[in-house]
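What follows is a set of structures for review.
Each of the next two complexes has chain A plus one other chain: chain B in the first, chain C in the second.
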Partner chain A sequence: MLTRIMNSAIAQAVVRRLGQVVVVMLGVTFMTFALMNLLPGGAAIALAGPNATQERINQIRLELHLNEPFLVRYWHWLSRAATGNLGNSLSSGQPVSHALASRIPVTVELVILALAVALLLCVPIAILGASRPNGIVDRFATYLSVAGLAMPNFVFGLVLILIFAVRLHWLPALGFVPLSHGIWRNLRTMILPVAALALPLFATFLRVLRADLIDQMYGQDYIVTARSKGLSRRRILTVHALRNSLFSLITLVGLNLGVLMGGTVLIEEIFGVPGVGQAMITAISLQDVTTAEAVVVIIALAVVVTSLLTDLTYAFLDPRVRYGSDSR
Partner chain B sequence: MILLILACFVWPLIYPVPSPIAGDSAPNIPPLTAGHLFGTDQTGNDVFSRILYGGRVSLEVGFGAAILGLVVGGALGAMAGYFGGLLEATVMRVLEIFLAFPSLVLAIVVASYLGPSEMHVIWAISFFTVPYFARLARANTLQVREQTYIRAAQLMGVRDSRTLVRHVAPNILPPLMTFGLLGVGFSIIIEAALSFLGLGVPPPHPSWGNMISQGQQNLTTQPVLVIIPSAFLFAAVLAVNLTGDALRYRWSAQ
Partner chain C sequence: MSEGTISAVVGDASEAGPGGTRALLEVSDLRVRFARGDREVQAVKGLSYSLNAGRTLAIIGESGSGKTASARAIMGLLPRTAEASGSVRFEGKEFLGLSDKQMRAHRGPDVAMVFQDPARSLNPTMRVGPQIAEAIRAHDQLSSKQARDRVVELLTRVRLSAPERRFDEYPHQLSGGMRQRVMIAIALACSPKLLIADEATTALDVTTQAQIMNLIRDLKRDLGMAVIMISHDLSLAASYADEIIVMYAGQAVERASTRDLFARVRMPYTEALLDAVPRLDRPPHQELSLVSGRPPDLSVELGGCSFAPRCPAVRDDCRAAAPAFEEHDPGHWWACWHPTGEGT
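== the complex of A and B ==
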């Protein structure tokens, strides 16, 4: 049994996919490093401050190994990064990995909550809409998703602050209470950022899921079979069609992780959430190269790994892929 | 709808508006006063004229980045799809690396590398419009390549470059164009985000993004300064997206 699985197409596909991930990650780290390190002027001048003497700049260049060839520096950085040592922050002097360790869970919480909210809202609305195409709910859902796609999330975030924090005083506009201070207090500060982050996702998911459900309902043989068995439309929609549409939803989640991660950068900045995105903006404005490149690499790594995971989930859920037949 | 937005370019030519950066009026005039339709901001600039000039930036960047993506990405994708082999593998792998970055993060990195200016923002955004267009162009070229008229052209001894320009390009262009409009909307959003972060058009000059960012400082006392540019940003992206949807619908109906 085990050998059969090992030899199956899926095992080979996983190995091939992993190979691709490694290549992409090497490219990502190289490009980040190149962009960050070929800056004119560069880290040494930024670090030395405006009034530094030429000797001081030279000394810093020596300390940071800036006089060595670019590829050598990349290799040093990469081999250290592989062991978890991302270097010291140029602005605070602290190890970057320490500074980021407390920030990563915050961003993860934000992203997961936003994803959960978007999914939990879009599935019922899409089902209601698809059960009566062009009905009231469906039209409302379409307007909602068109509007949601046109609304940049930082603008929506500001609008939320304006309504709920400035006008109604229901929720705090800024500040963040860590999870360790109690779940409810933490969630209270997270509601607005999560809502702002979830809107474009919700709009995208809703749009695709609705179209896919309607597609399934009106063109597929198995729906006709289910109908002729005498099943109710609602049951077919929520059990049979939804099951198939969930596959495209999973792919969509994978494709949108990048958008989501990019969105957190802005949302964290606006709402003062101390996640990795905020660290990145601060680092870039301070020209703190080591922190900035670490954050960019971590975000890209997260996107690549999660998209790998969605691919695998997809393969696992779809029996045609799981059993390695080529019937697709 | 698009015409309404193009007013940004024509309006200042036919109708004199106050300078968007002069700061020669009294600050903080509320909207709907005579002479200042949307009032003035903290430094005494007319908000209406800033909206018009800012809209120019948004539209230039949006269309600029999308066109650059369409031309460069389309050419790369078409060549990759047409020739296949090593060229295809190399191009697609490199583009995959760009796609691994979240779009906004990549744009922030490139924009902070190049420094704030409108042209640099277009370059930064193109870093991810190019791969998207290339991927779409390649997929479409792969289909077109198998058509008999391409085979016929090849058998007649037409050079590859000529086949690509005369036979492949016209056939992959319509889907790329419809995707292009969605790209415009996306680019406008990213431009606003970059300007909002101070990485876009440098501040004395208006852009919807940096207007929102400046207005944010006085959110409690003067929410109008955030609401007006936000509303324009929303309307512009909405208009571009709806046009894109309509085009796509027409294209798929054929």
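== the complex of A and C ==
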């Protein structure tokens, strides 16, 4: 009985998300196509190079079907993409899926590390801050999160390069060493981009988690019960309040995944990390619609899938959802 | 006043021998102030009483009478915005002024509390068993196996069916009455000498209410606890309490043993509370009398008797000066210039 409720709730969530996937995919791919179409020049001019003749450009246009109307081209792309074929790159002629296959793990590593750093840092600092509201740690944490929210992450990235690469020579400013060359050599190249990407996330998480912890500690009856047992403040905060505050944190992670994915595009370009985001920038400059579309599809899919995962985590963590609820 | 001398003589605590008749709890001139923005609200204005081991005291009053604030002040569980002064002595030891850390050792083994709303008083994300076990392990070094056995024993003691299974259930899987039994099990975890039941049955239906009150009464008898029951319900107090204090606007207005109080109510406010309770010996469909008006604004100091604006027997001198709360008859205190039943 209980498992049936659980299964149907999860099944419903999955079906709802799948419906969203279709709508989201149509929307973002069409927008990308339309925007790329508005760019001056065109793929053929970019591909032919600066000294190409008009005949050469026309020939490329013909080969790539660029003379056909915009909607027809979109329809062609869409009907092929629906079968799983993302087409060939307009710039290299290679299948897009080949070019991106090696880039996906790089971006995944970047995103996971940034998320992990933001979460691992925000939880203890929020706990310390909430244990003494308006104390030294709490005020420092508040300044830090305001600064983190105010500064765009690419600016912060450039500051990091200036300090740690240009001045101190501790870390490389650019470039990437894959995981297969050793975890430490890989991490050395990832530290700065991960830091730049994690800062705004950390700031957002810290702000909300701290506020929620304080709200739990001073507004909830079950905290008074916990105090009446003679428990230490530390235990009340880390066991009772944190458990309940984690729900808002998980919601927040889900909401910020899109921001995080979008952030990788600029950060990869700045730090020379060969992920899908960098491929996106290159594709836009070459007006390579198929590659750009493929990246958009990958990012959109990742956002939808991960937000489904956060929904499921939420359901898994909250016993009221997990067992079917009779209260609230 | 005798309360004043008790709190003044510090040596008194150590001199009283074991097994003596010294009170378990002595509260004198307890005051609780709440900061509300730039205003200050006096929730409790000089409450004094003492309670012996094994006895049940009921503190009765409307919402906002200061009954809950006075009870939470004993355990140091007031919100951050509140400040308590006066004296709360437990077995001779002064509780007010202890740090939260020092107070922790007393919460559980000395004083425990059951709260009004069992739906909100348990952590919704934690299983029931661990919530009771942590109350034990905060004070006793027990292995998790020993703690589990003790929890099951406690759940049996509060007459919860299938205690082994309840251990692993979440609060939302239990009914209101079952949750309140869990709350009582938490309170009993370290065998407290004093149990404070703060409106413990208000959120429950009448049948469950009686079950919970009988449970508290039986546990009190078996374990030799003293009980303070905070309630708005005089008839409930009549069935379970040895002594009753009626509070109004942060002050005690009448105090007597349950028998003396119901034999002869002296304070018009207590009488009004009694009249507001439906009774079977009255003709049906008769309109219940209500205590008209509303409790005074506690941030404003009134000149005369605080109940004067609502009192049916008010006279001119009631508004001029506040009557003192004194022992007019042996064992019967009240604060009224013109007590009821005084030959008029």
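The criterion applied here is as follows: the second predicted complex is superposed on the first by the 243 of 328 C-alpha atoms of A that agree within 3 Å, B and C clash if a C-alpha of one lies under 4 Å from a C-alpha of the other, contacts with A are read in each partner's own complex, and residues count from 1 in each chain.
The working rule: contacts are C-beta pairs under 8 Å (C-beta built on N, C-alpha and C of every residue); 3 or more make two chains touch, one makes a residue touch a chain.
Just so it is clear, the structure is predicted and the values come from calculations on it, not from any experiment.
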Partner chain in contact with A:Val15 - chain B first, chain C second, else both or neither: neither
Contacts of A:Leu309 with chain B and chain C, given as first, second, both or neither: neither
Touching partner for A:Gln220 - first (chain B), second (chain C), both, neither: second
First (chain B), second (chain C), both or neither touched by A:Ile112: neither
First, second, both or neither for A:Lys229, with chain B first and chain C second: second
Sites on chain A touched by chain C in the complex: 218, 220-222, 224-233, 235, 239-240, 243-244, 317-320, 323, 325-328
Touching residues (chain side chain C, partner chain A) in the complex: 75, 77, 79-80, 100-101, 104-109, 112-113, 115, 117, 119-126, 134-135, 138-139, 170, 172-173, 183, 186-187, 189-190
Of chain B, residues touching chain A in the complex: 93-94, 96-105, 108-110, 112-113, 185, 189, 192-193, 196-199, 212, 216, 219-220, 223, 226-227, 230, 233-234, 237-238, 241-242, 245
Chain B partner contacts - residues on chain A that touch it in the complex: 20, 23-25, 27-28, 31-32, 35-36, 38-39, 146-147, 149-152, 154-155, 158-159, 161-162, 166, 257-263, 265-266, 269-270, 280-281, 284-285, 292, 296, 299-300, 303-304
